[in-house]
Amino acid sequence: MESGLVLQNLVSPPVLFFFLGMLAVLVGSDLEIPAPLPKLFSLYLLLAIGFKGGLELQHSGLGGQVTLTITAAVLMSMLVPLTSFLILRSRLDTYNAAAVAAAYGSISAVTFITAESFLTVLHVQFDGFMVAALALMESPAIIVGLLLVKLAVPPETNSGRPIGWPALLREAFLNGSVFLLMGSLVIGYLVAAFSPAGLEKMDPFINKLFYGALSFFLLDMGIVSAQRLHDLRRAGPFLIGFAVAAPLVHAAVGLVVARALSLPQGDALLFMVLCASASYIAVPAAMRMTVPQANPSLYISTALGVTFPFNIVVGLPLYMAMVQRWIPAG
Amino acid sequence: MKRLDLLLGERELGPICAALRTSGAPGYSVMRHVTGVGKGGEVQESMEMSGYGANAHVIVFCEAEVLEQIRAALRPLLSYYGGVGFVSDAQPL
Amino acid sequence: MESGLVLQNLVSPPVLFFFLGMLAVLVGSDLEIPAPLPKLFSLYLLLAIGFKGGLELQHSGLGGQVTLTITAAVLMSMLVPLTSFLILRSRLDTYNAAAVAAAYGSISAVTFITAESFLTVLHVQFDGFMVAALALMESPAIIVGLLLVKLAVPPETNSGRPIGWPALLREAFLNGSVFLLMGSLVIGYLVAAFSPAGLEKMDPFINKLFYGALSFFLLDMGIVSAQRLHDLRRAGPFLIGFAVAAPLVHAAVGLVVARALSLPQGDALLFMVLCASASYIAVPAAMRMTVPQANPSLYISTALGVTFPFNIVVGLPLYMAMVQRWIPAG
Amino acid sequence: MESGLVLQNLVSPPVLFFFLGMLAVLVGSDLEIPAPLPKLFSLYLLLAIGFKGGLELQHSGLGGQVTLTITAAVLMSMLVPLTSFLILRSRLDTYNAAAVAAAYGSISAVTFITAESFLTVLHVQFDGFMVAALALMESPAIIVGLLLVKLAVPPETNSGRPIGWPALLREAFLNGSVFLLMGSLVIGYLVAAFSPAGLEKMDPFINKLFYGALSFFLLDMGIVSAQRLHDLRRAGPFLIGFAVAAPLVHAAVGLVVARALSLPQGDALLFMVLCASASYIAVPAAMRMTVPQANPSLYISTALGVTFPFNIVVGLPLYMAMVQRWIPAG
Amino acid sequence: MKRLDLLLGERELGPICAALRTSGAPGYSVMRHVTGVGKGGEVQESMEMSGYGANAHVIVFCEAEVLEQIRAALRPLLSYYGGVGFVSDAQPL
Amino acid sequence: MKRLDLLLGERELGPICAALRTSGAPGYSVMRHVTGVGKGGEVQESMEMSGYGANAHVIVFCEAEVLEQIRAALRPLLSYYGGVGFVSDAQPL
C-alpha cells in the first residue's frame, strides 16, 4: 500500500517538476524563473486556495468539527515553537533558536496545496475549513517566537531599538500572504453565498488552471530549495537533523490530535501537514523585522532546503500511510 | 555637494525613506531587486519570493549639511537592521 | 430593484477583490503585486476585450446603430474636456485644468470591462462595437486637452520646447493601450471572418480566463488606487468634488444620448460608463510628454483614487438603475 | 491550394499578433511587453510542448520511425553548420561565420510550435517524438560551431582564455531551454505512463491555454524581431540574403530526407521547419560564452529579424505546399 | 575622467539616449524601474502600470570634454521634462 | 576607500562575483536588467529573453589594497568577455 502511495506521489506532475528544478541546480543548468514570475504563481495559488476554501466553507457551514479543529491547529502553532525552542536552544543562541522555532510552528502554504492535490489524485475528500486553519497558524507562531526572545534575553542586552508591538502585530496578522489567503477565503464565502453566477465564471481561473500552475511553481521551488542546499554546510548536522526530525515528530503529534478530533482521513492528512511544515514566507519577513540578530540563512535554509523537499517527497506518502493505518476511512 | 549610496534590505525601505525626508534630503532614488553579499551573508533573488526580501539601492544627492542630518537619522537603523552607506563628492550637472 | 443591483455588484468577485486591495493598503498590509505583473494583466485584458469585440463586430456587422453610436462617443470625448476645462479653470491653472479635463474626456478600459462583466452576470446583452467606441475615445480627448493649452496659454509664456505635433499625434493615436485594443479588435474581426478553427482555439484563453484575470487585476487596482488616496489631500476638496460629480453628470448626459440613439439597455450602460470614466493610462502618458507643467499627482489621483473606485463601486449599480428606469428593455 | 494555405496561415491568431507586434515598432507605438513577461510565455511554451511531446511519445511508443527520424534530425543539425560555415566564411571572419552557422544548425522552438498549431488548424496529424528531435538539435549545432572555431583559428591567435570544454558542454546540453524541454518531455512520458489522473488535471494548463499563450508570445516576438530590423543595415545584403536563402535550402533538404524516411505529412513539415529555422536562444548564450569575438548583432539579427519572420509568414504555407506536393497523404 | 548620473522619467529615455549618442558618449548604461522623490513629487512603482512611467537611472563614464557636449545637449531636456544630473570624478579600472 | 562600478554581461556574473570574493571584497551589490551601449554595441532588454542576456551593474566598496587584487583578478575576464570598470573615491557614511 505504502509503496503505491510513494509511487503515486513521485509520478505526480507537481513532484516531478519539483525534482526537475532541483536537478537543474544540481547539474548546473542555467534554467531560471526570473523574479517576479514566481511571485505571480505564489499570489495566484494563495488567492485560489483561499477562494476555494471559502466556498467549501460556505457549502459545509461552520458547525461540527470546524471550530474545534481550527482551535487545535492554532494551539499546535503555539506549542510547536515552544518545544522546538527548548531543543534548539541547546545548540543555538536565543535569537536563532527563536527564529527557527517560529518557522516550524508556522506553515508552508505550498506544502499544504501539494497535499490537497495529492488527496485529489487519490480521490480522498477534505474540507474547505482546513484552509482557515492554514491561514490562522502563521500569526501565533510568529508571536510566540518573539515572546521567546523577549523573555529569554535580558532587556539591557537586547541592544538597539525595542521590538515595537504595533509593527510586530501588523507583521504577524497582516503580512501579504496571510492577508491574501484570509481575504480570498472571505471572498470565496461571500461569492458562494450571494453570487452563483460569479462563482461559475471564476471556476476556470480558480480550478482548471490550478494544477498546472502548482506544477510550474514547484519547478521554481525546486530550483530555490536546491540553491539553499549549499547554505546547509553552515547550518551544521544538528540543524539538518532537526529539519528532518521535526516534521516527523510534529506529523505524529498531528496524527494523534486528528484522531482525537475524529477528523476524516483527508482532513487528518492536511492537519498533519500543517503541523509538519515550516514557513519560509511570513516568518522570515517577521523575523527580519523583529529579530534581525538571527541569521536568515539558518532558518530559511532549514525550512526551504530540507523540510520543504522532505515533506513534498517523503512526507506526503508517509503521512498518508500513517493516516490510512490509524484513521478509520470515511 | 555629496552623493550617498545606501545598500540595505528592501523591507527597511519605508523607515529609511521616511528618515531621508525628515532629514531634509532634496530628493532620492530607489532601485529594488538588488542582490549582494555583505556582513550579513548573501542576499539572493529568491529571497524576494520568500518574504525576506532582496536588497535596495538608494541614492541621495544633497549638500554636506543635509548629509550630517541624514547620517544621524540613518545610523541607528543601519546598525540595527544591517545595510551599508557610502559617501562621495559630486556636483550638479 | 436598485438595492438588488447594488448587492449584485458588491458581491461580484472583481469588486470584492478590489475592496481587498484597498483594505490591504488601509490596514497597512505589505501585500503587493510587484511590477510588471499588473502590466501582464492589463495587456491581457486589452487583448482579450479587443479580440472579443472584433469577433462580435464581425457577427453583428457594421450596419444599424454602429456608426452613429461611435460618432456620438467620439463627440462626447471631445465635448467633455471642453466643459470640464471651463469648470476646472475656475480653480486650477491652464495646464492642470487641461490635463484633468483630458483625463475625464478619455476612458478607463478597466471600468468598461468591469461593466461588461456586470452585464454578463445580470444576463443583459451588449454589442461588440462598443469596444470600438472605447478604443476611439482616448485620442480625441488627448488632442482637445492639448488644443486647450495651445489656445489658452500665450505662446511666449509657454516656455521651453513647443509641442511637437507629430510626437503628440503619435502619442494620441499609437500609445500602447489604444494600439493593442484596436489591433486586437481587427484581429478578432479577421479571425472570426476567416478562421473558425483559430477562433475556437483562442476561446479558453480569451473567454474562460477572463473573469478571474479581471478579479486578480482589480486586486492590484484596489491597492494602487488606495495608495493614491493620501495624494488627495494635496488635490483639495474642489478637485475631489469634481471627481465625484463629473462621472454622475457625464453618465446622465450619456444616458440622454443613449436614449436618443435608441441604444438597447446593455449598450446604454456601456455608453454611460464610457462618458463617466476617466483615463489613468493613455492620458497621463500623453500629458507628461506634452504638458509637463501639469502636476501628475492631480490628474492621476483624481482619476485613479476617486473616480475609478466611485464608478466601480457606486456608479455601476446606479447607472444600471438609471438605465432600467429610462431605457426600454430589449 | 497554395493560396488557401497562405490565407489559412495569415489569418491565424498567432501570425496576426506577430504582425501586430511588428507593426507597433514600425509605426512607432510605445507598446511593450516588459521583461520578464516574455520569459513567462517562453518558459510556459517549452514546458507545455515538452509535456505534450512526452505523453504522445508514451502513447505511440519508441518503435518505428522514431529512432531513425531523431538520428536524421541530429545529423542535419551537424551538417547544416558545416555547409553554412563554408558559405559564410567567404564574407565573414571565422568567429562570426561559426556563430551564424551554429545558429542555423540549431532550431527555433517558437517556429516549431507555430508549425504545430498550423497543422492542428489544418487537421493534419503529427507525432510527439518530433519534440524530442527539436530538443536534440540544439546541442550538436553548438558543438559543431565551436569545433569550427577551434579548427579554423590557430591556437596562438585565439587570444585570451582557451574554451573550457566542461563549461561548453554544460552550455550545449544543459542550457535552460534545452533542459526544460527535455525535462518536460520525460515528465510528460512518466505522467502518461503512471498517473492518468495527473494527466487529466494538467490538461487545461497544457492544452487549453496553449494557443492563446502562443498568440500573446508572438505579439512580443513581432516587437522584438522588428526592433532587430535596423541592426540589419550593419549585417549587409550578403547576410540578409543568406538569412532568406538558408531556410529555403534547408527546408528543401529536409523534405528530401523526410521523404526518404517515409515520414507522414505532418512530421515531414515539422522536420522541414526544424531544418529551416535558426536559434536565437540557446545558441547566442553559448556563443557569448565561448566565442565572444563574434558580434551578437550579426547572428541574433539574422536569426530573429529575418529568418524567424520569414519562416512564420512565408515559410509555413510554402513548406506545407511542398509537403502536399511531394509527400503522399497518410 | 568623469562620471555622470542622470535620474529622469523613463518615457524621456529615447531623446536622452539619442542626445548622449550624438554628444559622443563612448557608452552608457540604463537601469529602469527606479522610483524616487524630487522636485516633481513622488514617482511610485504603480506609475509604471499607468502610462506615466517610473524613473530611469542612466550612468555615463566619459572624458571631461565629452561631458561638456552632453551637458549642453541634455540641459534643455532636463529643464523641460524634469530630471536631475550629477557629476563626479572617476578613473577606468 | 574606493568605489568600483562594473558594467558587464549578466551571464558573466558568476565568475566575476567569484573573483570578487576570492580577491577579498568585503561585500558587493548586483543590479541586473541593465541595458546600454558600449564598444560591443547595444544591449537591449529583449536580449534578456534570448539567452544572450542583458547587462549587470556591480558595485563594490573596498579599501585601495583590495581594489588592486580585484583589478588583477577581473582584468582578464573583462578583456575576454567585454565589460567595463570604473573607480572613484568614497568614504563610509
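Order as written gives the chain letters A, B, C, D, E and F; numbering starts at 1 within each chain.
We take it that a contact is a pair of C-beta atoms (placed from the backbone, for glycine too) under 8 Å apart; a residue touches a chain by one contact, two chains touch by 3 or more.
These numbers were taken from a predicted model, which means no experiment stands behind them.
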Can you tell me the least number of steps between subunit C and subunit E, where a step is a move to a chain it touches?
-> 1
Which chain lies the greatest distance away from subunit B when centres are computed from Cα atoms alone?
-> D
Averaging each chain's C-alpha atoms to get its centre, pick out the one most distant from subunit A.
-> E
Once you find the CA centre of subunit B and the CA centre of subunit C, what distance in Å lies between them?
-> 38
Whole-angstrom distance, CA centroid of subunit B to CA centroid of subunit E, is 20
Of all the residues in subunit C, which ones touch at least 2 other chains?
-> 30, 34-36, 39-40, 175-176, 204, 208-209, 285
Going by residue number, subunit B touches two or more other chains at 11, 31, 33, 88-89
Residue positions on subunit B within touch of subunit F in the complex are 4-7, 31, 33-39, 55, 57, 71, 74-75, 78, 84-89
Provide the residue numbers of subunit C that touch subunit E in the complex, in ascending order.
-> 34-36, 38-39, 42, 160-161, 175-177, 220, 223-224, 227, 280-286, 288-289, 292, 295-297, 300, 304
Sites on subunit B touched by subunit A in the complex | 9, 11, 33, 40-42, 44-54, 76, 79-82
Residue positions on subunit A within touch of subunit D in the complex are 7-8, 11-13, 16-17, 20, 23-24, 27-37, 40, 117, 120-121, 204, 208-209, 211-213, 215-216, 219
Interfacial residue positions of subunit C with respect to subunit D in the complex = 35-36, 39-40, 43-44, 47, 170, 174-176, 179-180, 183-184, 187, 190-191, 193-195, 197-198, 201-202, 204-206, 208-209, 285
